[in-house]
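Please go over the structures that come below.
Below, chain A partners chain B and then partners chain C, in two separate complexes.
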Partner chain A sequence: MAVAAGGAPPPSSEVPLLYRRGVRRLLTQGIYVALTAVVIGYVYTSLDLREFGFGFLSEPAAFKVGNQWLTDVDGVTNSRITMYLVGVWSSLRAVLVAIALSTVIGVLIGVARLSSNWLVAQMAMLYVEIFRNTPLLVQVVLVYTILLIGAPLIENVVNVGDFFFISNRGMAMPWPVPDSGFWGTPDWFVGVWVAALLAIGFVAQRVRADRQGRERETGQPHYPNRWALGVFAVGAVISFFALGAPVSIDEPVIVGTHYIEGMVMEPEFTALVAGLTLYTSAFIAEIVRGGIQALPRGQTEAANAVGLSGYQRLTLVILPQALRQIIPSVTNQYLNINKNSSLAYAVLYDDLFRVANIVQNKAGHALEMFFVIIVTYMLISFAISVVMNFFNARVTAQRI
Partner chain B sequence: MKKLRFGLLAAAVVAIVALVAVACGDDDGDGGGEGRGNTVQTIKDRGELKCGVKQTQPLFGFREADGTVVGFDIEFCKALAAAVLKDHTKVEYIDASDASTRFELLNEEEIDVLIRTTTITASRDRELGVDFAQTTFYTGQGFAVRTDSGIDSTSDMGEAIICVQTGTTTEQNVADHFTDIGLEYDPQGGLSQDVADAFFAGRCDVLTADASDLASRIAVRDDAADYKILPQIISKEPLAPGVRDYDSEWKDVVNWVVHGLIRAEEIGITKANVGQMAANPPNTEVARLLGVPFQGGEVAALGFDSVDPQFIQRAIAAVGNYGEIYDRTIGDNIPRACTLNDLVLNNSGCPDGQGGIQYALPYR
Partner chain C sequence: MVDMPAQNPQRIVLPPHRERARRPRIVRLREWARRNLFNSRAGTFLTIITAAILALIIYGVVYFVFVDANWRVITENRWLLFAGGYPMDQEWRLWFSVMFVFLLIGLTYGTWASLGRRDHLFIVLASGFAILLLAHGGAAIWSTIWYLIAVGLLYAGYAITIRMPREAGPGRTLQQRSVAGLLIAALPIVLIVLLAFGGARPRELEGFVLNLVLAPVGIVGGLIIAIPLALGRASRMRAISWTCTTYIEVVRGAPLLGWLFVALFILDDVIGGELIVRAMVVLAVFTAAYMAEYIRGALQALPHGQSEAAHAVGLNQFQSMQLIVMPQALRISIPPMVGQAISIWKDTTLVTVILPLRELKGNADSAIAQFEFTPDRIEAYVFVAVVFWVVAFIMSRISQRVEGSLGIGER
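This part shows the complex of A and B:
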């Protein structure tokens, strides 16, 4: 084939038809449109969409959802959508607790893997290798089975000082319950106190910024974080008592075979959260280790050279820089926790997916229900992403 | 290089055209499938009956350690295979243990018949594309508790944790019942095997399911004496084989095999004497039921054209009559005398208000 001199494109008449840019674009776009049309057409004709709609969600549920906390929805007078929202709340609870726990444990294990103490490093490695290399489903079901079979029956409950109980119906523990206080109802108190805490938090933030500024100007330590924490703690305590300290501690009691009062952490919840935490913390540990090891050795040496202690070196020099690497990857792990929470199905935990399944079993409308399920998971994921992107923007704000 | 790329592009185009063709072809197929099915012919062509059964419920449908599936429902699969295929071993047992997908298995034609402790209800009949044949077992929703629990009826179950299978009529019955009696309860839902395990592990106070289901799960346990089933029944649960809608030929065969097995018990035809009865029928009715001539006369086919007249005879020869099936698979684990599953014929000796309702329709 003749090559045109000087790299100029050959006249279009010389290019074979299928290699002309315009023809190719037209072809690929045509194929794409055709495929989309076929898929949509196929779905539309093969599925019966005449009854497509979400009206079924507002009908009475006629079933009851378990593992409720802070809600008491009976399912006979309530609609299906209400039951579904109870399931969403159960999912959210498990996801939030698992995110918090797996972050703390993951960072600890990740740092421990780099420890100069041989035993600590080896144990951290063992933890990572075990929980990273076994399926999450296996871990969740294993924990559930252990809790169900291993924990004592409620008749032989393990009683720790009459305020903490362990049986295979869950762990019961004391829990603060808001009272009326000096004014208004418990709800009123909670609302006012949360508003007060937000205001105090804002003040604490101002104090911190001010101290940081002075630290930068003078070069003398002004302990911005300790001051901010102190202001917040003092403000919280004062506002709490100013409202009449209206919180009573609800201690669990066993009546017959039931826990009443207190907070009961049911084995289904524990199994799901424990499984998610063990599995995800192993990955987070590796991300933390990778983030730290990616820093040049010079950072550690420089920190040593200016005489920082090991703890200072980690918190002031290493982690702030490593976070730039860590946060995007950890965000992915948080999203995984959200998605993996649907494994609740295996341990009888009434999460959003299980409740949606019950609704679908009763009402049909599988397509609509899956649409609702997918949108819910996506919304939770988006919320996690937004929060994590905010943190990411904070740590990457400083150019290095 | 350029030739190769052209090849790839051409291959992609061919693949897409093929895909479109396949998709359209499917559409045509669906459009044509609106008429009546003929499952009997399908079974004969295949040479095997696909029976959707439960594999997790002792006494009714349970997979043994060696992989064989046994139970009350299984015997009806064998009877149908004997009736249609003349060989009761030609059955493929498809796992329909998951309550939430059982009707899909039927509608997707993964199975020919669903014999899996399934309750007849109006909404299922109307909405799920299923038709129910003659009831094989009558039960109702009951409650199992531990013997030492001090619970004697649902009115003692305030605040109790109740293990209940989700995706079934059971959870709605229990929600309705507790609303009616004005008590609170705490549900623990899941697959039937899972909630039973949770109950026996002590996770909940009460297990609710069909009374026969409860009995079957307790009966096979070493510590069966530690559990009791309350006499209270809160619902009607007639369990029946399910077939696809618009297939009356196959539904007729299933129906009359069940009626035939019950009739055989009523008039004393057993697995042991069916051969002798067929060779020398004592009366015209036995001859009709077994599809043999009476004193050199004609064989009455009764208009069944997809199966030959001896189909009920073969079913009895394979599994015995209804009573024999019951005794062999359920036996004393769920007492039969004077309960709903006893023959109406036997009711004379029963206490007032009790007695069976099993009654075969006339085969003539």
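This part shows the complex of A and C:
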């Protein structure tokens, strides 16, 4: 037996049938599959599947979905699936903002933890220890409570020059709204301008690559990033005016106890994003710190030796190398942000999970609704992974 | 600075770092400040800004804690927050569990680590916090005494085990095995004490007690499911590895809130039982998927030579797993596992969000639902955050100590 496990397989006639590796594997898997089938069969029979189906999603929703931005979908006439998609958009918004903010804050705190300034390092450590070790739910709810109690009532709203308001119904600020311009409808203008911006971005990218190439060849500075930014900015402004500058500024107004017009950042959204950001940035800070500490000390010393400033050392030498280790872990944190955004439920922000719950309360079909939820989360996770894998491939393309 | 020894020719000149240590404290302090706080103009600027922010934060916290806050919402609702619906006449069961766990912590520290100055400081501070809480309202004296006895047990257990010889030998093995056995048996023992023989019914577990029961059940149950799951995923048999991979990816694909939604609406038909039991099952199943990934990572990190060597000395597949591969893999995976345990500890708050189960945060909601305490919402949530923070901090601290003494990260 010991020989059969280690050395070359002996002629099959010598080994009893039951001891042959192939036969054993087949047998094990057979038993395994049978057991799994029994379990699945039990679950299947115990579920009530007589009314299984997704038809209920296309019936009228008959409930309101709040916290909408850029959309104003009415739940009375629209179907449940439409309202669910509105919830998905709300989730995506919170997730994207939280990802951006927690990355910036996380990197800052992570670098600060390694600062040579003792006080700064200690403060960063305090930040990490506090926000990493308290439940996200409590953080979100606490921020929400502070926003509701701490901010003034809308009757005594904080009014900054009649265009910026703070109250416990959120922050209201002016927001640009597209007009028709030369292009018939606002939607046409937005479409054409976005297409123009994409084209300009492509040109700027080419300019940057060209300048980078020349910089590498000659060793003289050609400022690729500044040029690319400049080209993009000038192009954007020119195309904007070429299309007739069809934008009006929408200023918020208070009517009764509500804001109308403008952009309103509701306390629910702020609380969710703030909670997600505080919590995740503490984790990202630790990841960034670990990534930097994993680099050999010689990198810092070499950067000092060639006379780079502290900022240059960080952005040109340390972070680009640390990114190799940082990106996979940070991707995990982004996926966590996506899943944790379901905590919107606790502050009554109408994200996909909450809308799904409302639908389930109205129509039943818990199993189908859960299926929809999990598929949505997986799709968003998949999108995040694809983008991050693209970045990862770019970062690791250069071998060191 | 260089010519300092020359002023006193009799003095023996030491190496520079010893020489620096010899100078008066105030000089060293100034030197330290110059190096760590005011090393450049930008550094000085940064220090001043940070100090200003720090001062503002400290002022805000002190003002809130001592002036603005009304902590009666906590002290008046102490029983509600900690035990909730647990039958009051069975209070001794709670204290017995607390003492047992404190004793275990003492034994664990004494056996595998030692208490440093910081640990003592932390125990004193945490005890101060606990006593501040206990020394108000009804039964203040008795609960304070019970708590002090628990801390005494911690130190007693520590004092006994720390004096035992650490060298390998039959005595040491016996000590390690018995403490480990107690640790493994701790959860069933506590559950029996809390629930069996005329104790509470499961649904009467509430408040902080519920957190303290849910998290270990999730962690231990998760670990038990995770080990076969990780092995299954790493298996070369396709049927097994595919199903295990599917399980792991599907569970990790949806948020815990989603799975608790399943516990509420779907599991009812499948396994039935009390809601709290279903929540435990979901927590274990959820944790298992994450833990399995950490164990799989550790299995992959293990050099292949280990299992080959096991086969070479004649161990079969099962023996090599049990004696060679798993012990090392589990040891490697301790740090991420502790991270996962802390994460589950924090996630026990989520049962309040959709399930009608009232853990600490849920009972804080009940506390501020009383008319008298509606203005004190911030106090209640800050308190909940602090309590969770303390336990999470203890968990991470113990794991750091145990990791250090087990030599994790070294080969």
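Going forward, the second predicted complex is superposed on the first by the 376 of 400 C-alpha atoms of A that agree within 3 Å, B and C clash if a C-alpha of one lies under 4 Å from a C-alpha of the other, contacts with A are read in each partner's own complex, and residues count from 1 in each chain.
Please note the rule applied: contacts are C-beta pairs under 8 Å (C-beta built on N, C-alpha and C of every residue); 3 or more make two chains touch, one makes a residue touch a chain.
None of the values given here were measured: they were computed from a predicted structure.
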Inset, instruction - In the superposition on chain A, see if there is space for chain B and chain C together, and answer fit or clash. - result: fit
Legend entry - Of chain C and chain B, partner touching more chain A residues: C
Inset, instruction - Could you say whether A:A34 touches chain B, chain C, both of them, or neither, answering first, second, both or neither? - result: first
Inset, instruction - Check the residue A:N361 against both partner chains and state whether it touches chain B (first), chain C (second), both, or neither. - result: first
Inset, instruction - Identify the partner contact of A:L198: answer first if only chain B is touched, second if only chain C is, both if each is, neither if none is. - result: neither
Legend entry - chain B versus chain C as contact partner of A:I149, first or second or both or neither: both
Inset, instruction - Could you look at A:L17 and tell me whether it touches chain B, chain C, both or neither (first, second, both, neither)? - result: neither
Inset, instruction - In the overlay, answer first, second, both or neither for which of chain B and chain C A:S46 touches. - result: both
Inset, instruction - Look at A:L70 in the shared chain and tell me whether it touches chain B only, chain C only, both, or neither; answer first, second, both or neither. - result: neither
Legend entry - chain B versus chain C as contact partner of A:A397, first or second or both or neither: neither
Legend entry - Spatial angle chain C-chain A-chain B, Cα centroids [nearest 10 degrees]: 70
Inset, instruction - Taking the superposition as given, tell me the minimum C-alpha spacing from chain B to chain C, whole angstrom. - result: 5
Inset, instruction - Go through chain A and flag every residue that touches chain B in one model and chain C in the other. - result: 42, 46, 149, 357
Inset, instruction - Show which residues of chain A lie in contact with chain C when the two form their complex. - result: 1-2, 5-6, 25, 28-29, 32-33, 36, 42-43, 46-48, 115-120, 123, 129-130, 133-139, 141-142, 145-146, 149, 339-340, 342-343, 345-346, 353, 357, 360, 366-367, 370, 373-374, 377-378, 381
Legend entry - Touch list for chain C against partner chain A, complex: 36-37, 39, 43, 46-47, 50-51, 53-54, 237-240, 243, 250, 253-258, 261-262, 265-266, 269-270, 311-312, 314, 316-317, 342, 346-347, 349-350, 352-354, 361, 375, 377-378, 381-382, 384-385, 388-389, 392-393, 396
Legend entry - Interface residues, chain A side, partner chain B - complex: 16, 18-19, 31, 34-35, 38-39, 41-42, 45-46, 61-66, 74-76, 148-149, 153-155, 167-169, 257-258, 260, 267, 348, 350, 354, 357-358, 361-362, 364
Legend entry - Partner chain A, residues of chain B touching it in the complex: 2, 6, 9, 12-13, 16, 19-20, 23, 26-27, 30, 99-100, 127, 149, 159-161, 166-167, 171-172, 175-176, 179, 184-190, 194-195, 197-198, 201-203, 205
